[in-house]
Amino acid sequence: MTALLRRHPLLPLGVLFGAFLLLAPTFTGRGTQNDLWNMAFFVVLAAAWNLLGGFAGQVSLGYSAFVGIGAYTTVLLSKAGWSPWLTLPVGAALAVAFSVAVGLPTFRLRGPYFTIATIGVGEAVRVIASGLEFTGGSSGLRMPAGTFDFLANYYAMVGLALATLVLVAWLTQHAFGLALEAIRQDIDGAEALGVHSTQVKLQAHAISSALVALAGGLFATNFQYISPGSVFDFRLSLTIVLMPIIGGMGTLTGPVLGAMLFSILQIKLLASPALRDSYLFIYGGLLIVVMLFEPRGIMGLLERLWTRLVRRQVPAVAESPGAG
Amino acid sequence: MNRIPSLALLVGLGVGLTARAQDEIRIGAVLPVTGKESKIGGAYKQATELAVKEANDAGGVQVGGKKMKVNLALLDDTSDAAKSAQLVEQLITQNKSHAIIGGYGSHLVQAQSVVPDRYGVPYLSGGAGATAIYGRSKWVFGTLSPVEHLAETQMAFLDDLVKQGKLKTPLTIALVTENTEHGNDYAKGVNDFIKAHPGYKVVVQEKFELNTTDYHPLLQRVAEVKADLFLADSHLEDFIAMHRTYTQMGLHHQMLTHGARGSDAAARKALGPATDYIFASGWWSDLLPYPQVKEFSGRYKSATGTEPQWYHAMAYETTRALLAAISKAGSLEPEKIRAALAGLRLEKSIVPGQVLSFTKTGQCDLPFVVTQNKPGGKVDLVWPKDSKTGDPVAPIPPPK
Amino acid sequence: MQKLVVVALNSLLAAGLYATMSYGLAVIYGVMRIINLAHAGLMMLAAYATFALNDRFALDPFLSIGIVAPAFFLIGMGLYATLIRWLPRSSAGPSMQSLLLLFGVWLVLQNLAYSIWGGDTQSILTPYTMESIPLLGGRFGVPQILVFLASILSLVGLNLVLRRTFLGKAIRAVTQNRDAAMLSGVNAGQIAAVAFGIGTAFAAMAGSMLSTLYAFTPDFGRSFLLKAFCIIVLGGMESFTGVAVGALVLAFIENFASAYTSIPVSYQDAISFTLLVVVLVAAPGGLPGLWRTFDRRVVAR
C-alpha cells in the first residue's frame, strides 16, 4: 500500500475525485452533470491517446476516426434493433481492427511523418463517411427513440474514465510501460534491447483505440444525433492531442488535468458574451504560451515548482560528486 | 441521501430569483456566431436582437395582465453540434429559459432538437429547413419550409415556363449539390418532382464537398453531358468559386440556379454581370409586394445599416412569432406556449403568403419565392406569378 | 484526344496553383523540420490584406503581391524571433511542439481576421477575373494562367537563389545537415529566421493569388493546407522542383480520375489523402525518392 502511495502520491486525490464524480448526480443539477460528462469524455480520449502518444511518443492526429467508428457502430446497430449497450463492444472491436490496419503500414514511419500520415487517414475516413449512403452521408444519423438515459450514460462514461486511468496506470507500471518509454526515447536502442517496437506500438494503438471507440459509442447515445462533421472532425483530433500536451504528455495525471482545464475553459468561454468573440485568441494564446514556456505541460510546471520547493527545504543536499 | 447545506441556500436563492424573474420573459438562443456558419449565424444574431429590442422598446410583450420585458440570452456554439446541444441544455437548466430560439444550420439544429423534449420547453428554429428534424417532438417548431419544396418550387417555375412556350421539353438536367443535408434534400425535391412530371431527365448528378479547391473536374463532367438545365445547391463561397470556373469554361445552359444563392449582393460583387439571369429560390425576398415587407426593410435598414436578406427577415420573423405565441398564450407556462405556437396564425407577416403558421409536424410549409437576376444589377421576383415584379427571361441568352 | 488535351491543360494550371501554395510550407519544413500549421492562417490574412488594398486603393491583387509579400516576410521573421526561436531542440520534441505552437498562431490569426473584418464572405473582382482564353479546344481562365506563370517564376527564382547565391547555399546546407553547416560557418539561427520569413512570404503570395480565384472568410485555408501537405510529401520534402512535381501529380490524378472514371467527385479529397498515406508508407522519399531508387537499381553504371 505504501509503495503504491509512494509511486502515485496523487492517488488519494484521484480517489476523492472519482468519488465526487460518482456521487455528483445526487447533489448537482443537470447543467453541472453535463459538464462533468464532458470532462469524463475528454479524460477517456486524452488518457487513451496518451498511451501511444505520450508514453510511446507516437503522435497521432487521426484519433477522431475511432470516436466516429464507435459512434456510428452504435447508431447503426441500434437502428437495427440492438440494445445500445451491446453495440459498444462491437464498436471497440471494429476500432481495434481499424487501428491495426492503419498501424501496420504507418508504424514504419518516424516522428512527424507518422503524424502526417495519421492526418491523411483521419481526413480520408471523414470524406468517405460523408459520401456513403448507409452511414447517412453528410446528413448524419439519429439514434432510435427511447435510447436516451442520461444517468446510465453518465455513470458509464465516468466508469469508463476511471477504468481507463486504472488500465493505463497498470499497463505503464509493468514491462509494457518500460517498452513504451524506451520506444519514445530511442527506438533503435529499444529494438537492440529486444523490444519488438512495432508489436508494442500496435498493442498500445489497439488498446487506446478501443477505449476511444467506447467513448464514441456513449457519445452517440448521449447526443442522439451524429454526423461526419461532429465525430470525424479534424478539430476533434487536435483537441484530443491538445489536452495531454497541455496537461503533460507521458504522465498519468497530465491528461486528466488537460481534460479538466479544457472543459472548464470551454464552459467559461462560451457562457460569457464578453469572452465569446475572443475564444480563439485564448486557445491560441494558451497553446503558444505552453509550447514556449513549459512544453511538458502543467505536470512539467508542477514538477519544476516541486523540485524548487524541495531544494529550498533541504539546502544541505549537495550535488553528488561523481555525477555529470 | 446526504444533502449538502449549501443546497438549501441554492434552493432559497433560486426561489427568490424565480419569484423576481417572473416579470420577464427569458428567451434563450444558441447561434453559430463564429465558425463555419458564422456569416449567416451573425446575421441571425443581429436580426434576433433587433426583434427583441423592438419588443422591449414598445414596453414589452403583453402576457396575461401585464407587459413583460424580454431577456434574451444568446450564446455562440462556434458551429459545433455537440456544443450547440449542450448550450441549449444549459439555457434551459441554468438560465431557466421559457423558450428557446434554435440555431442556424441543419446539423446544428438537428443536434439541438433532441433537447427540448427532455425538459418540455418550446423550441422554435428559424434556421433549418431539413424535414428530418421535425415531426419527432411536439416541442420542436421551425419557420423554414422544407428544402425539398424549395427545389419543387423551382421545378414548378420551370414547368410553367414550358407551358408558356419559353422552354421546350424534353429537358435534361445537370444536378450538382453540396454534400450536406441541405443539398441532399434539394436533390430529393428535384427528383421527386421529376417522378411526377414527364419531360425531365437528370443526366448527371454529383455532390461536391464544401470549400472544394478546384471545380474543373466537376464542371468537366457537367460539360460533357451537354445538359439543358443546370441546377445546383451551394453555399455562397462555393457558388462564387464554381460560377467563376463555369464562366471561364464558357459553359452555358438554358436556365441556371444555385438554390437559394445568386441574388445576394455579395454574389453580384464577386461575379459581376456573370450573375445575370441566374434564378434563385428562397424563403423570403425584399421584393415581395406587401406593404409590411417594404416597411420592414426600411425599418431594418435604418436600425442596423444592413439591407435585410432572407436570413435577416426569417430570423426576425421567427423571434416575432415566438413572442406573439407567448402573448397569445397569456402565460409563461411551457405547455401553454407550445399550444399557442402549434395553433399560431401570425397575420400580416412578412413571409410569402402573409400568414405564418405551422403544420402538424411543427414545420412551416409556406410558399417559396423565385427571383431572377436581370442585367444592370436588377432583381425581379418572378414567382409566385401573382406577386411578380417582372417577367422571367428564358432561355438565358448565350454568352457573347 | 481533344478531351485529353483539355484535361491535361486543366491539370497543369491547377498544379500551378497547388505548387504556389506549397512552396512556403516546403521551405519551412526543409530548413527547420517544422510543420507550419499557421500557413493556412497566413494565406488567409494575406488574402484579406490584398482585399483591403484592392478595396481602398483599387490595387490589382497580382500587383499588390509586391507589397504584401515583403510585408509578410518581415512578419515571418518577427514570428520567428518572438516565438519559434525559443522552442527547445530535443530528439522527438521540436516537430510536435512547433506544430502545436503554430496551430495556436493560426487560431490567433483567425480571431484577428474576425475582429477586423467580421465573418462576412469577401471576394475581389477584377476586370479579368471572369475572362478566359480559348486554347487547343478548351477555355482557360485568365487568373489561373497568371497564377501558373507566377508559379513557374517562383520555381525558377527559388532555384536560382538556392544554387547561385550564398544565402541559397546556406539554406541547402542547413537543410541537409544543420550541424555540419554550422561547422562550416553558417549561422544556422539567422538562416532559419530568413527561411521562415521566405516561407511566410510565399504563403502570403499564395494568399494574394488565391484571393483572385476564391471568396474567403477567416476560416479560409484549411482545405488548401491539407492538400499542401500531400504535395510536399509527394514531392519528397527536399527540393522545390519536387514540390512542383508533387503538385503536378496530385492535380493530374484529381482531374484524370474525374474525367476518365466514374468515381464521384466528392471523393476527390479522399484520393489525395489516401495518396498521402500510400506515398508516406511505400515511398517516404516521395517521387524523387522513387526515382532515385529506380535510377540506382535499374540504370546500370
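Chains here go by letter, A, B and C, matching the order in which they are written, and residues are numbered from 1 within each.
Just so it is clear, a contact is a pair of C-beta atoms (placed from the backbone, for glycine too) under 8 Å apart; a residue touches a chain by one contact, two chains touch by 3 or more.
Remember, it's a predicted structure, so these values are computed and weren't measured experimentally.
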- prompt: Which chain is most remote from chain C in terms of Cα centres?
  reply: B
- prompt: Counting C-beta pairs in contact, which comes out ahead: A-C or A-B?
  reply: A-C
Query: Hey, how far is the Cα centre of chain A from the one of chain B, in Å?
result: 37
- prompt: What whole-number Å value describes the gap between the mean CA coordinates of chain A and chain C?
  reply: 32
Task: For chain B, write out the residues touching at least two other chains, lowest number first.
output: 33-34, 179, 207, 209
Query: Where does chain C touch two or more other chains at once, residue-wise?
result: 114, 222, 264, 266, 269
Query: Could you say which residues in chain A touch two or more other chains, in rising order?
result: 127, 130-131, 277, 279-280
Statement: Listed in rising order, chain A residues that touch chain B in their complex are 26-27, 29-31, 34, 38, 127, 130-131, 137-140, 142, 145, 148, 150, 219, 223-225, 227, 229-230, 266, 270-271, 273, 276-277, 279-280
Statement: The answer for chain A against chain C in the complex is residues 57, 59, 105-106, 108-109, 111-113, 115-117, 119-121, 123-124, 127-128, 130-131, 184-186, 234, 238, 241-242, 245, 277-281, 283-288, 290-292, 295
Message: Touching residues of chain B toward chain C in the complex: what are they?
response: 33-36, 38-39, 41-42, 179, 206-209, 211-214, 216-218, 220-221, 224, 236-237, 240-241, 244-245, 247-250, 266, 269-272, 274
Footprint of chain A on chain B - complex, ascending: 1-4, 7, 33-34, 74-78, 80-83, 85-87, 89-90, 93-94, 106-107, 110-111, 113-114, 118, 130, 132, 136, 179-181, 183-184, 207, 209
Task: Could you please specify the touching residues of chain C with respect to chain A in the complex?
output: 33, 35, 83, 86-88, 91-93, 95-101, 103-108, 110-111, 114-115, 222, 226, 229-230, 233, 264, 266-267, 269-270, 273-274, 276-277, 280-282, 284
